[in-house]
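A, B, C and D label the chains in the order they appear, each numbered from 1.
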Amino acid sequence: MRSPTLSTSEATEPPRPSAAVTPPVGQRGPAKAWLPVLPAVLVVAILAYLPYVPVEVPGLLPWRVNGPGSMQLVATCLVMAGIALSYDVIFGRTGLLSFGHALFVAAGSYLLTISLASWSLPLWAAIVVALAFTTVLALLVGAIALRVGGIAFAMVTLAFAQAASIIVLRNPGDVTGGEEGTSLPRAAIPDLLVGVANAPYRYWLALAFAVVAAVTVTMLVRSRAGHAMAAVRENEARAAVLGFPVYRVKLLAIVVGAFLGGLGGVVHALVLGGSSPHITTTEFTLSLLVMVVLGGAGRTWGALLGGFLYHYADARLVEVSGSSLFQALPEVAGQVLAQPLFILGVFFMVVVYFAPTGLAGLGARLFRKGRL
Amino acid sequence: MNETDTGTPGPILTVEDLHVRYGGSHILQGVSFDVAPKGVTALLGRNGVGKTTTLKAILGLAPRTGRILAAGTEIQKHSTTRIVRDGIGYVPEDREVFGGLTVEENLRLVDRERGIEAPVVDRLFPDLVARRNQRAGTLSGGQQQMVALARVLLRPTTLLLIDEPTKGLAPKLVTEVADVLAEVARSTPILLVEQNLPLVRRIADDVVVLDAGRVVHRGRAATLVADADRTRELLGVSMRKEGAA
Amino acid sequence: MIEAQAVGWRVGGAQILDDVSVSVGPGELLGIIGPNGAGKSSLVDILSGVRRATTGRIALGDKDVTNKSATRRARMGLARSFQTSALFDGLTAGENVRLAIQAAGERPFTPFRRAEGDDAERIDGLLARVRMPGRADTLASDLSHGDRRKLELAMALASDPSVLLLDEPMAGVSAEDVDGLTEIIGEVRDVGVAVAMVEHHMHVVLGLADRVAVLHHGQLLATGSPDEVTADDRVQQAYLGEAL
Amino acid sequence: MTDLLLLVVTGVGLGALYFLAASGLSLIYGLMGVLNFAHGAFMMAGSYAGWWTMTSLLPASMPVAARLGIAVVVAIVVGAVVGLLVEVVLIRPLYRRHIQQVLVTVGLALASVAAAQGIWGADPKPLPKPEWMSQTTQLLGARLPNDRFVFILVALALYLGLLALLHLTQLGLVIRAGVENRTMVEALGINVRRTFTIVFSIGGAAAGLAGLLYSQYSGTVSPAQGGSLLIYAFIVVVIGGMGSLTGTAVAAVTVGLVQQLANYYAASGVGDLSVVLLLALVLLLRPSAMKGAMA
């Protein structure tokens, strides 16, 4: 959990020595400011252009890149990347082992669908309700759970998330749809976000969310609050004696993480057309933890990458398991390996043992160390 | 520099180029010394120079590099459990008795069969027998020290590492602890960390002085304590020509 | 200035501190000495608010702070160091100092406000003040023991404290670092800070302190100038140990 | 009055199951500081081992009660062996790295549930239940389900057994000392790591037993069962004071009772929520109670 790096990794990428980006000597100052952002801008630009790429990439995606199936898959991967990043604000940046982040994602998602379907609110109002409620919920849950530390904090957050999961499954007032989940009412959603043909728009929405999350977290990390979070994570007692209000710093981390998670839930519902009880489960929270650790806790690129790849693997491993390679195996082994969570769980354990800083950590080791 | 008798057999403990790094700090920076096979060797130095860390490193309770020989056998790769089982007893700073366990349970932990009935307890710590069913956490500091000492003496030991046994004790108890240590030292060699110079003068034979993670002096205890200037220079404690006693 | 009035502290059955009264004024340096276990660190903890006294009162400046938290006292101008150095090991020296500056500032954790930039000069100034110029980019975990103690001083000074409590600032450091630290602490006192220092390097305490307080078994055995205290027979007895 | 008696017996019965699940968790946490997410997997292992014993290993002609008896033994043994293997293979290499230890158990929990789904499918499998345990006993006008008495007796036996272990044996002495100060136990020459393995095994055995009895309670075996019981076990451990056996027992009964009473007197489903509320209340009123000692 303790990671020596505090900055986003875009700041750690060494400037590329190419003629095109090397500024004239006189302009060195301002050029330096945007240079580190360049890789991020490039990645976003490439991703934004994907809906215009009509090629097939065999093995990677089952359909054309800009086909609706691929678009939907990559869009969900991007939403997960953003949600994983929102969890990293709490876990990787502040060092709080929370097992209740699913609560906030689910709150965003379900409140959006319920506001639209049961209370017939307009979309903008539903989004406001979802985010406002999620934030208040985070304040409440955080304020109570932070009365204990360490492992007890983990258990308490887990219990709160579990309570939410129970409520959703009980389907009170017939609003959550129980195990079936609930769908967005067609009429309440702008046409651009509905239908197979409009998959690219949902994809861009997901991309926008990931970008918003990344920019927000980057700004947060560089702000005074981000530094205070790092101080709390590195040495809580020391931070307190220096004069940091430790409790409030932690609460802020939970609230910001929950807000972004709630936003992720909203986008998740819009992209997938509804809310499913899966996002309320402990398993979902645990998978967020796995995503962040896989990618590299406390690193923006790490959490994004972890979230993206985890969901991609989760979705694609099922297909791979149908391949001839798996048919050669004994039946039971094939059945077990056909479970994406089995492979991801085992892979996760391997990462914990052999690459505790995650994929981003492995990457950063090839360059220099990241800094505050 | 080393004035240890040459007529006696080899040292019971040899520490060679011991290094300890903790977090960011390089606490021991190549410590080397011997412990004679009988009597008390006092490990001295100002606060924070690495005395406690040296004991912990010998026991494997601190991450260490270097060579440690116990009676000629290399033990730097051994686990703490094995080192203690092979005969090195440890009485930590602040006693660290198990406060929730009774006196008897504290002793039975080490010696299931005899525990508080062991002859050594009866001989050296009669007070504890009377308090066998009292929780160790409710004992006074001096009594807790006796529990901590009794605990290591239940196992056959070839060497005792004792860390500031008189820290925070009232004068009368300091004398009592000193008596016990002197008695124990007749049969078992002791490596003793201690700040109380009169106690060192009374029971120690040799001294090793650490400063800033290094050994700065080795010699006879009596010689050092008699030399007020040298004592002040090494330990910074003497304030007038001769210590009172 | 800071003042302890008849402070007592009991833990369980043990009286760790008993009726201790000390005070340090602006520009004064009080050395606190005594054998191990005498209660010196406990006194510093109680003065700084890390622990609460069972009896007695603490005044900081002209305010009673007996029931104020460590954080509140820090904001009122009190800074302290710890016996075992407690730095943020994963951060550089400069970042450690920046956190200290930030913590002492007006709004220590405003979200979404860039924290970099403004403090660079002050960081350099503080590092220069503790004789560590140009070390801002060194990881705290890579610093020597002496430099770590200096960095802690820089962090304590980041809040421009009026009272500075030092708990064995020279524990375990090499001879040349002792001289450096002595000089730095002397300078801090000379600009008007009230300094109270627990220290085992007797020549440092006797050379640097304006007044010395001797603790023994939780009680104040003597206070006075270094000369008065060293001439005191009770101090002689206590400091060199009990009669055996 | 008869309703209340029924509620109390069923509530305590449920609490007994929670205690079976939580005791091992609490023991492991208290001694080793490991929050064991794989405990759910241990329970799952116990319930599947019991199910397999009852439906495949033993002939259907055998009386159900006899099959259940043998299945209990198998579940305990399987739980103990799984616990032992997990400690030796996964936990021990990460000695003292608590967060990593938690993460590894999380990975194991995910992977093992997925593996069970792959092998036996996600759907619940029916588990034979002895006829007597499905029946009720008339007492003071209330018709009390017999299986709850079994759960209560088994939990009581486990509680007394663990208390005896902790207070009457050398191993128990080492465990109690280790909960206070692991390092010092090591420094006295006691092999505390071997104690860790044993405690993990004991925890696994209790979990295996809990898993099988919980399956008896619900009538089926499914991969997700262990996980859902684990949540309540966590809550019980926190309320009980993290590492205190008696605290765990009291908390387990309290949680079971609160859940049953709220479900009856408020509305169905409120019970689960009231348990979480109880947890929040305990935290608000006495947050310092979270660190307990082994007793």
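By our rule, a residue touches a chain if its C-beta (ideal position, glycine included) is under 8 Å from a C-beta of that chain, and two chains touch if they have at least 3 such contacts.
Computed from a predicted model, the values in this text were never measured in an experiment.
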| item | value |
| --- | --- |
| Taking each chain's C-alpha mean as its centre, the one farthest from chain A | B |
| Between A-D and B-D, the pair with more C-beta contacts | A-D |
| Separation of mean Cα positions, chain D and chain C [Å, integer] | 50 |
| Separation of mean Cα positions, chain B and chain A [Å, integer] | 54 |
| Computed distance of Cα centres, chain D from chain B, in Å | 45 |
| Length of the line joining the C-alpha centres of chain A and chain D, rounded to whole Å | 33 |
| Chain A residues counted as touching two or more neighbouring chains | none |
| Residues of chain C whose C-beta touches two or more other chains | 87, 89, 139 |
| All chain pairs that touch each other | A-C, A-D, B-C, B-D |
| For the chain A and chain C complex, residues of the former touching the latter | 2-6, 219-220, 222-231, 234-235, 237-245, 248-249, 252, 256, 371-372 |
| Complex contacts: residues of chain D adjacent to chain A | 29, 33, 35, 37, 90, 93-94, 98-100, 102-104, 106-115, 117-119, 227, 231, 234-235, 237-238, 242, 269, 272-273, 275-276, 279-280, 283-284, 287, 290 |
| Residues of chain B defined as touching chain D within the complex | 59, 61, 80-81, 83-85, 90, 92, 96, 98-101, 105-106, 108-110, 112, 151-152, 155 |
| Chain D residues touching chain B - in the complex, by the definition given at the top | 170, 173-174, 176-177, 180-181, 183-193, 293-294 |
| In the complex with chain B, residue positions of chain C that touch it | 12-14, 35-38, 83-85, 87, 89, 139-145, 148, 168, 171-175, 200-203, 206, 217, 230, 233, 235-237, 239-244 |
